[in-house]
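Report on the following structure.
Every chain is named by a letter (A, B, C, D, E and F) in the order it is written, and numbering of its residues begins at 1.
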Amino acid sequence: MATLGLIEYQDASPEVRAVYDDIMATRKTDWVNNFWKALAHDPVALKRTWEDIKQIMAPGALDPLVKELIYVAVSVSNQCDYCIASHIASARKKGMTDAMFKELMAVVGMANETNRLVAGYQVEIDAPFQ
Amino acid sequence: MATLGLIEYQDASPEVRAVYDDIMATRKTDWVNNFWKALAHDPVALKRTWEDIKQIMAPGALDPLVKELIYVAVSVSNQCDYCIASHIASARKKGMTDAMFKELMAVVGMANETNRLVAGYQVEIDAPFQ
Amino acid sequence: MATLGLIEYQDASPEVRAVYDDIMATRKTDWVNNFWKALAHDPVALKRTWEDIKQIMAPGALDPLVKELIYVAVSVSNQCDYCIASHIASARKKGMTDAMFKELMAVVGMANETNRLVAGYQVEIDAPFQ
Amino acid sequence: MATLGLIEYQDASPEVRAVYDDIMATRKTDWVNNFWKALAHDPVALKRTWEDIKQIMAPGALDPLVKELIYVAVSVSNQCDYCIASHIASARKKGMTDAMFKELMAVVGMANETNRLVAGYQVEIDAPFQ
Amino acid sequence: MATLGLIEYQDASPEVRAVYDDIMATRKTDWVNNFWKALAHDPVALKRTWEDIKQIMAPGALDPLVKELIYVAVSVSNQCDYCIASHIASARKKGMTDAMFKELMAVVGMANETNRLVAGYQVEIDAPFQ
Amino acid sequence: MATLGLIEYQDASPEVRAVYDDIMATRKTDWVNNFWKALAHDPVALKRTWEDIKQIMAPGALDPLVKELIYVAVSVSNQCDYCIASHIASARKKGMTDAMFKELMAVVGMANETNRLVAGYQVEIDAPFQ
């Protein structure tokens, strides 16, 4: 169970509702996922985190799908089950195909493997990489 | 210092040289970075790891630059200094601009933050994500 | 299911019961949580771990609540669900309010974010910090 | 070397200087540490991260020293050398004594140990913790 | 639920069945665990990962049981529940006794503790270790 | 530089010297590595940690070399440079050959890879593993 419980829309303060409304409008959905309902107990954190994410995940030099793939990659490396499930859903919505997902997993797995080979073999950084 | 030292091309066995040659040919460079020289003490692992990486990082449903960005994202989450330095170099070579790097970092930082908010608030997976 | 199962009080050896008794007396509770019942299969580890924790979590230069907050912070960073749930309970018992919990989460989230920004931007340690 | 280099005050744009000035004013120091100089290549991220940290680390339900101790705890668990060095310096400035540091380390070490014992013994969450 | 679902033997393509058959033959079992059924959506990754594991886990300078113990140690440090459960099962099959499991956990816990003490105390590598 | 500096034998209190003496006697060496000299600022933690390690790393159901291999595996997964260097040295002293080290690295790398494949593919634990 969520540590402080979840705050549903009908029970939310106006400032929390404003964030929920913006989440739904930005994402073009009619529901808000549990992460925000859990964080809503701290309306300042809710607003700050949502504003940060909205800014960071917006189209820019990287397209939104690539950003979602990166989000999944980090969540998988951190073994965060909720984050994996929710960001796979977001990535699919933004165009991730099964073929893309499979390649993503292959790269994430390989990177986690070679990160440790580097550590164990105590490899020093090559001059051209510095 | 590398745990077992580094094996330079001139000191390498024919099977190791064959991998080095393939690395240089595939990457269109005239040098081999320390990771491979360290791993070359285990020629079977050298060949297996290189064949795996070559297969995984090849163009597919995801383009090679996106794959490198994902590699950097994982390496940053794991705090692997060598991997960060070397894969930033690879990513640049494949077209990563400074603007892309900055957005990549923003996403990686945000994902690491929200992964922990999810854990601490003990957020349960929403039905639509299952 | 716990790897080796849980050892209940009535099934425990005298040496395990002695630890259980000390846990309940020290914590002023009438039950023992699953962590200890799982570890009880290794009575030497049970005693060692309990003695270590009792020594480390006792009042000292840091007060016990601060120590519990730190315990939660680490458990959240490691994504250990059991540890998060049990140490949030302990922290509440020692006086953690909802307001404190929310600030704790904000700091933990931020630290996990900036840790990765530092890694990716490859920031060198400032001379005054060395 | 920092990935994009460091931006010194004299080379900074007005918006970056404004953040540097606020950092120095808030912290009552006359210098800015490398983290900010590295992040300054992304002025939007610089401002967002600084505003977030200033809000999160301000006195509240938890005092600023406790927040710094938590920051150190997370950085140590993540093995982020820069973050450990810089936040130990911040914590000292806010009143962390050697005795407090030693107890902090003991708790962080113990938490990392028991987190893994929990994982390996596959301990299920007790009903009262849910 | 598995991201892409599980592919059962009767629904598998000939190339996937060939891997399943080899897994069962190598392990002398009559079933295939979920990991492979999930990965089977990417037959190339399935074959590559299985071939890698078969090569790596085969008897060599380290005996297969020791390799399984190491696999458990890593999985516990990474807090990967599935991997812990499945590799404890494999380790038992290769001869891990309860006594061995308990000692394994003690070492893993201690290593995770001292890793962080080293980080926090910022210990420099001794010359003889370099 | 070590956070609190290192305490050399000639500057150590009798209780710290007693631990140093026991470390050298147990390990049959004439020097003490930096980890202990850094931790010596907290004589209670020094004694507790040394007693714990001595108990845990002693011969038992697992032989001391296997325990050192596990210690290296964890340290590599955590990317703790000092711990990797020092425990590779310990493992060599207890009989780790180059061939064993290479196989150890292969297993650690593979485990870190498959741990993430499991997470991303969201594989559920098979009934027989529970």
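Following the convention adopted for this analysis, contacts are C-beta pairs under 8 Å (C-beta built on N, C-alpha and C of every residue); 3 or more make two chains touch, one makes a residue touch a chain.
None of the values given here were measured: they were computed from a predicted structure.
Trainee: So using the touch definition from the top, which pair is joined by more C-beta contacts, A-E or C-F?
Mentor: Between the chain pairs A-E and C-F, A-E carries more contacts.
Trainee: Once you find the CA centre of subunit C and the CA centre of subunit D, what distance in Å lies between them?
Mentor: Centre separation, subunit C to subunit D: 21 Å.
Trainee: Return the distance between the CA-based centres of subunit B and subunit F, expressed in whole Å.
Mentor: 27
Trainee: Could you check subunit A for residues that touch two or more other chains and list them?
Mentor: Within subunit A, the residues that touch at least two other chains are 1, 3-4, 45, 49, 52, 77-81, 85, 88, 101-102, 104-106, 108-110, 112-115, 117, 119-122, 130.
Trainee: If you connect every pair of chains that touch, what shape comes out? Choose line, ring, star, complete or other.
Mentor: complete
Trainee: Which bits of subunit C are touching subunit D when the two form their complex?
Mentor: Per the stated touch rule, the residues are 1-4, 31, 33-35, 38-39, 45, 49, 52-53, 56-57, 60-62, 66-67, 69-71, 73-75, 77-78, 80-83, 85-89, 97, 99-100, 102-104, 106-108, 110-115, 117-126, 128-130.
Trainee: So in the complex, the part of subunit A that touches subunit D is made up of which residues?
Mentor: 1, 44, 48, 52, 55, 130
Trainee: Show me the residue ranges of subunit F that touch subunit D in the complex, using the header's touch definition.
Mentor: 3-4, 41-42, 45, 49, 78-80
Trainee: Name, in rising order, each residue of subunit B that touches subunit C in their complex.
Mentor: 72, 76-77, 79, 81, 84-85, 101, 104-105, 108-110, 112-117, 119-122
Trainee: Which residues of subunit E touch subunit C once you look at their complex with the stated criterion?
Mentor: Interface residues on the subunit E side: 79, 88, 98, 101-102, 105-106, 109.
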